[in-house]
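Going in written order, the chains are labelled A, B and C, and every chain counts its residues from 1.
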Amino acid sequence: MNGLLVVWESRDVFLWGAANTLSLVLGCLLLSIPIGILGAVVLTEAPDPLRRLFAEAVDLLRCVPFLLLAYVVYYGLPELGLRLDPWWAGLMSLTVYTTAYLAEIFRAAFRAVAPDNIEAAHAFGLSRSLIYRRIILPQVAITAAPVIGNQVITTIRDSALLMIITVQELTFAANFVSANHFTPFAPFAAAVGLYLLMSFVVEAGVRRMERVRKGRYG
Amino acid sequence: MTWPAIRTILDGAVVTAALAAVSILLSLPLGLLLALLREGRIPGVPALLAAFVSLVRATPFVTLVLFVYFVLPAAGLELEPVPAAIVALTLNTAAFSSEIWRSALVTFPRDQREAAAAFGMSERATFIRIVFPQIWRANLGPLVSEVTILLKCTPAVAVIGVVEITRAAGRIGAETYEPLPPFLVATLIYTALIATLVRGQRVVERRIARRFGLARP
Amino acid sequence: MAETDAAISVRGLCKDFDGFEVLRDIDLDLAPGTTTCILGPSGSGKSTFLRCLNWLEEPSAGSVHIDGKPIGRSGNGRATRPMARRELASTRTSIAMVFQHFALWPHLTVLGNVTEAPVHVLGRPKREAEEEGRAILARVGLTEKADVYPHTLSGGQKQRVAISRALAMRPKVILFDEPTSALDPEMVGEVLSVIRELAREGLTMVIVTHEMSFAREIADTIVFMDGGRIREIAAPTDFFTNPQSDRARRFIFRP
């Protein structure tokens, strides 16, 4: 009971934390989805030495632990002369990290589009950019929705690590309230509840896409 | 970056890897157990476990670590940082790997089970002799992926004071007032470790695929 | 026939694949308004040849001209160079293709499939393309299917959609790559009757097929290929009653 009261009284802290989490995740997705698609195009279409270099870079980036990457960005930005709020270091590291994963996801999704689709598109005179825009990407949006949804949930979870570099997101808020009021269960339970809610929203979106997919592909 | 500093970071890396190794050994079997219980017939258990798994999969790992360290004592389980870290790592990876095991169990060809039953095999024997040998090989890829993810998660345990690679790098940074070099070194070392694991996984996968034909159902 | 009179003009076409000779010295002129059926045993290179006509396969040597215009390589005589992608794409707008496995775009409706290239490649206004699309679908008997997704259709219906998609481009030539080979026997008829109609209307068509009686019925010219070369070119009655080569004889009487 005491715990619930504490959480309710500190609700502005929680809301601020949740808002930061959401803004980080949405900001990240807004950047990393388009860049990830471009990266996937490079991974698919670029001439060989460049493509292999890119593939190695993406592979390597996916082996970096996110927390360490966040630290490097956090301590690295001032070295470049940029004295920014930790939130920006958080956004940058989250974006770089998520882009590498999305590039790989989109690359696999491009390959999953039936080759005869693309061949027919070529036969009908569609240009490369038209083929991506009208044939490949629309299908990828539908068929890769579950995998992308999974990645979004992963990004939400990764965002919590940013508390360690003092970004005031949701887990930071829970930890703060718990440390200041000595009732650990309620604040963390509240945070977990909010993360669960975010997860549900993403999964609902994926289920929606699954319905679209059933309608078009059977 | 002096050599003693690098040594400190390497020691930290060893601690991180050791934590991860212990958790892997515990969590993969635990994940299998969870999957079997979820597909089992004990009333109430499947639903409970499904809720548990959903919860853990939606929760950020660092939040789980904090939860285990700060909340469990209130329920009577007071843990030192290192055991708490292992508990959190194990629960996290068990939940994720249970999904892999569960999907393998659910999609396992029914006719193979029926054949085993027709030949008089008990369910237990069927699992040990027929099901398990196939599913662990077929799912080696996804399982090793989970292991890789666990390795990447582990640095987060620094938040409850475990002295592993992140703390080591941080301490050196605090001593020298130059935090960037130790973290760069830590990142390089740890990334190299994970990259080696990933390469190794690919080689093993290819070898298994060659020996068992199509290793995927 | 001079190159500029023929609808399709092929000179010296060769194709090597990994050192293996798939096509050799193909020379062919096909007149406009005619239906040509390419027959031959499996492995004779007939599909590869068809796909060279719209440069889906790149020949190792030789040239293809459609309606007097070169495909795949531009320039004349000695000074030819491969076409840039954009140029190639625009030359393909006058040659339409129907694929063995339909190759419909699954995320678009039937009408969407038919209007996609006219709108986005030829730049026709959407309303006009849709009206024309519906008219074409009516011709092939699929009016009520215009707004459904391809996965709900039978094989025969899918292939009729693929043919409508080709017709919507108002092409000079339509290429058919074994249009009925992937269909269940009871659906072959509906596709063949559509193709028969198109032949009657005077479209220039090149059809690779196994349906010998159909070829005999609608073709103006039979081109018989074996081992990567053209062995015989003849009118259907001549070809089927009096084949000139041993290979053709073996093919006709034991396909």
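Throughout what follows, contacts are C-beta pairs under 8 Å (C-beta built on N, C-alpha and C of every residue); 3 or more make two chains touch, one makes a residue touch a chain.
Note that this is a predicted model, so its numbers are computed, not measured.
Asker: Just to be sure I understand: the centre of a chain is the mean of its C-alpha atoms, right? Then which chain's centre is nearest the mean of all of them?
Answerer: Located nearest the centre of all protein C-alpha atoms is chain A.
Asker: Measuring centre to centre, with centres taken as mean CA positions, what chain is farthest from chain A?
Answerer: The most remote chain is C.
Asker: Which chain pair racks up the highest number of C-beta contacts?
Answerer: A-B
Asker: Please work out the Cα centroid separation of chain A and chain C, and write it as a whole number of Å.
Answerer: Here the centre of chain C sits 46 Å away from the centre of chain A.
Asker: Between chain A and chain B, what distance separates the C-alpha centroids? Give it in angstrom.
Answerer: 21
Asker: Roughly how far is chain B from chain C, going centre to centre by Cα mean, in whole Å?
Answerer: Chain centroid spacing, chain B to chain C, equals 55 Å.
Asker: Which residues of chain B touch chain A in the complex?
Answerer: On the chain B side, the touching residues are 54-55, 57-63, 66-67, 70-71, 73-74, 148, 151-156, 158-159, 165-166, 169-170, 173, 179-180, 183-184, 186-187, 190-191, 194-195, 198.
Asker: State the interface residues of chain A toward chain B in the complex, per the touch definition above.
Answerer: 59-60, 63-69, 71-72, 75-76, 79, 153, 156-161, 163-164, 171, 174-175, 178, 184-185, 188-189, 191-192, 195-196, 198-199
Asker: Applying the document's contact rule, which stretches of chain A touch chain C when the two form their complex?
Answerer: 114, 116-117, 119-128, 130, 134-135, 138-139, 142, 215-218
Asker: So in the complex, which bits of chain C are touching chain A?
Answerer: Interface residues on the chain C side: 54, 56, 85-86, 89-93, 95-97, 99, 101-107, 116-117, 120-121, 149, 151-152, 165, 169.
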